[in-house]
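What follows are several structures.
The same chain A turns up in both complexes below, where it pairs with chain B and then with chain C.
Right, the complex of A and B next:
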C-alpha cells in the first residue's frame, strides 16, 4: 500500500511538473517519468499489457518524438506569460486535488467489487474478438491523425485548373 | 447495410489523398458527394424496416471468423443518421465552390468524411467505450478542420477547442471507467441491467455528473460553452455549419441522452438539473448573441441557445417533450447549417462578416438574402416554417407537464431569438445598398444550390409537419421514451 501511495504521489508530481516546467526538454522528461510510474502502477494492478503499452509507447516513443521535435526548433519564440496565467494551473491543481480527495473519500467504500463479466479472456481474444469495433475506431483515429498532419503541414499551393 | 454508414466514409477518406494526386478538384468533389448521397439514400431505405420492426441489430463476420462487430439501430439513431446524411450532403455540395480558394480539396474532404464516419459510428455502437472512441474519431478530424485555413485565428481557435474537448473526453472516459468498474461490462444492455441490480446511487450520481460535464462541454451548454464562440466562427464556413449543425448535437446531446435514457435511466432530480442547464443556456446565449457584430459569432451563440431548447425538451422526459426536442434538433441542424453556409456566401461575396460594414445586400444577392431569411425565421420559430412547430411542441409539452415557468422562459427566449435574427437580416440585407456592394454578384452555383435545398427543407418540413412527425419523429421519440426497456429490447 505504501509503495502504491508513493507511486501515485510521484505520478501526480511529475505530471504537474510536465506542465509547470518552462524548459521543454525537462517538461518532456517529466512526462516520461510520469508515464513510467503509471506503467509500474499498471503492472502492480495486474494489467501487464496496459503497462507494456504505456511504457513502450508513451514513456518511450512519444518522448523520443517530443525531444526530436524540440531539438529541431530554435530559440527566440518564447512568449512571456502574465503572472495570473502562471498562477492559474497551480490554483486549479490544488482545487482539483481537494475536490478529488473529498469525492474519492466518500466513494471509497461504496464502489462495489468488480463482478466477473462476460468480457474476459486472453488479451488477443479480447482485442480481436470482443473489442473489434474499437479497432475500427482506432483505424479512424489514426486516419484522422495522418490527414490532420497532411492538412496542417501542407504547403500553400496555387490550385491549377483541371 | 447499416455498417456502410461507418465503412464507406472511412474507405473513401482513405483513398481521397491518393485520388487527389491525379485530380485535384473533380474526382474528390464527385466521390465525396456520391458517398454522402449513398448514405442519405441508405438512411431513407431504412425508415420502413425500422417503422415495421422497431429495432435492427446486425452482426458482421470477418473472413468467416466470428468477431464482435455489432451495431444496433432503432428509431432514435436512424433519425440521427438521416439528419447527419442530409445536412452533410448539402455542406459537401456547398464546398465544391467554396473550397476553390483554400485548395487541397482532397485532404479537406477526407477529414470531412472521417468526421462523418466518427459521428455515424458514435450513433450506431451499443457500447460505452466505443462511443468514446468514435467521439475521438470525429473530434480529431474536427480539430484539423477548424484550423484548415492555417491563419492565426484558426490555429488559436483550434487549440482552444482541442484543450477543452480533451477535458470533456477525459470526464466522459472517467465516468465510463467507473461504470465498467461497477458492472464489469461496457455493452449498453449489460450495463443497464447491471446498474439496475446495484445499490450504488452515490457513485452513479458522480458518474452522471461527469457525463454532464463531459458531454455538456461537447454540446457547449452554459456554463461549458466558452470554446464554441471562438471555434465555430474561425473555421471555414462548411465546417462551422458541420460543427454547429451536427457535431455538437451528436457528440454532446445524442451521446448524453442516449446514455441517460437507455443505460442509466432518467430520474426526477436529473431531469430538473438538465432542464435548468438547458434554460440557462437558452437565455444567457440569446442575450450574448444580441451584442455580436460578427455574423458567425452571433450564429455560434445562437447555437448554444437553441441547444438549450433541445436539452429542455429532452430533459422533460415526456413523449411529447422528447418528440418536440428531436424535431427541433433536426430543424436546428438544417437551419443553422443553412445560416452558417449563408455566412460563408456573404464572406465570399463581400469579403467581410462584420454586420456594421454590410447593408442592402438583399437587392444585389436575392438568393442568399432569401435563403438566409428562411433559415433565420425557421430558427426564430415563425409559422409555417419547421422551427415554429418544434418550438410549439416543446412549449406545449412544458405546459402539459405543468412546468409553466420553463414554458414562459422558452417563449421569451424565442422572442429574443427573433430579435437578433431580424438584426442580422436588417443590417446585412435590408436598407440601401452601400456603394461598394453595388457591383457584387450572387454566390457561385453550388453554394447557392446547397442553400436553396436547405431552405426548401425548412419550408417543406413545416408544411408537411404532421406526416413527418407521425412517421419519423414519433418512432425516434418512442425509442427514447421507452428508456432502459429499449436497450433490453435490442437483445444484444
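Right, the complex of A and C next:
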C-alpha cells in the first residue's frame, strides 16, 4: 500500500512537472517518467499486458514523437506563459485535493462500475474472443492515423512543387 | 477494497485536474498536447484500477490496450498538425490560431 501511494504521488509530481517546466524537452522527459511509473502501477495491479503497452508505446514511442516535434519546432520554447498560471497552480491543486477528498468517496458509491465477480479464461481469450470488435476498431484507428499523417505532409509537398 | 479504489480514483482525478488546468491556462501547443496526454493517463489509471478492484482485470486490460492504441493514433495526427501549424505561423502560440480565416 505504501509503495503504491509513493508511486501514485510520483506519477502526479512528474505530471505536474511536465506542465510546469519551461524547457519542452525536460517536460517531455517528465511525461515519459510519469508513463514509466504508471506502467509499474499497472504491473502491481496484476495488469502486465497493459503495463507493457504503457511502457513501450506511451513511455517509448510517444516520447520519441514529442522530442522529434520539439526538435522540428525550435522556437516553441520562446512562448512566455502568464506568470500567474504557474503561481496559481499549487493553490488550485490544494483546493482540488480538498474537494476531491471530500466528494470522491460519496461519488464512488453512486457511480455504476464494472460488475464484481471472478473472470474466467486467460487474457488472450478475453481480448481475441470477447473484444474482437475492439480489435477491428483498433486497426481502423491506426489506418486513420496513418492516412491523416500522410495527408498532412503530402499537402506541404504539393505546396513546394508549386 | 473500497479504500483502495478510492485511492486510485482520487489520484486519477488529480491527474485529470492537472491536465485540465494546463489545457485552460497554457499557450504553447506542445504543452497543451502534453496536458491531453496527462488526462489520458488519468483515464487509463481509472480503467485499470477499477478493473483490478472489481475483479475484472482482464477486461480492463483489453480496454486499456485499446485506449493506448487510440492515444498513439491521436498523438501522431496531432503532432503532424502541430508541425504544419508551426511551418505556417512560425510559432506555437495557440492565440495565433484565432486569426485563422476560413
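Brief remarks on what is shown
To be clear about the criterion, the second predicted complex is superposed on the first by the 117 of 162 C-alpha atoms of A that agree within 3 Å, B and C clash if a C-alpha of one lies under 4 Å from a C-alpha of the other, contacts with A are read in each partner's own complex, and residues count from 1 in each chain.
In this text, a contact is a pair of C-beta atoms (placed from the backbone, for glycine too) under 8 Å apart; a residue touches a chain by one contact, two chains touch by 3 or more.
Since the structure is predicted, the reported quantities are computational estimates derived from the model, not experimental observations.
Shared-chain residue A:148: touches chain B and chain C both. In the superposition on chain A, A:106 makes contact with chain B only, while chain C stays out of contact range.
Contacts of A:131 after superposition on the shared chain: both chain B and chain C are touched. In the superposed model, A:54 makes contact with chain C only, not with chain B.
In the superposition on chain A, A:46 makes contact with chain C only, while chain B stays out of contact range. With both structures placed on the common chain, the touch criterion links A:83 to neither chain B nor chain C. With both complexes placed on chain A, chain A has more residues touched by C than by the other of chain B and chain C. In the superposition on chain A, contact of A:123 is made with chain C only, not with chain B.
Counting contacts by the rule stated earlier, residues 114-119, 130-131, 134, 137-138, 141, 144-145, 148, 152, 156 of chain A appear in both its interface with chain B and its interface with chain C. Within the complex, the chain A residues that touch chain B are 103, 106-107, 110-112, 114-119, 128-134, 136-141, 143-145, 147-148, 150-152, 154, 156-162.
Interface of chain A with chain C (complex): residues 1, 4-5, 8, 11-12, 15-16, 18-19, 24, 27-28, 31, 34-35, 38, 41-42, 45-47, 49-50, 53-54, 57-58, 61-62, 65-66, 68-70, 72-73, 75-76, 79, 81-82, 85, 89, 92-93, 96-97, 100-101, 104-105, 108, 113-119, 121-123, 126-127, 130-131, 134, 137-138, 141-142, 144-146, 148-149, 152-153, 155-156.
Residues 6, 10, 13-14, 17, 23-26, 62, 65-70, 100, 103-104, 107-108, 110-111, 114-115, 117-118, 121, 125, 127, 129-130, 133-134, 136-137, 140-141, 143-145, 147-148, 150, 178, 181-187, 190, 194, 198, 200, 202-203, 206 of chain B are the ones touching chain A in the complex.
Against chain A, in their complex, chain C makes its touches with residues 2, 4-11, 13-15, 17-19, 21-22, 25-31, 33-35, 37-38, 41, 44-45, 48-52, 54-66, 68-77, 79-84, 86-87, 90-93.
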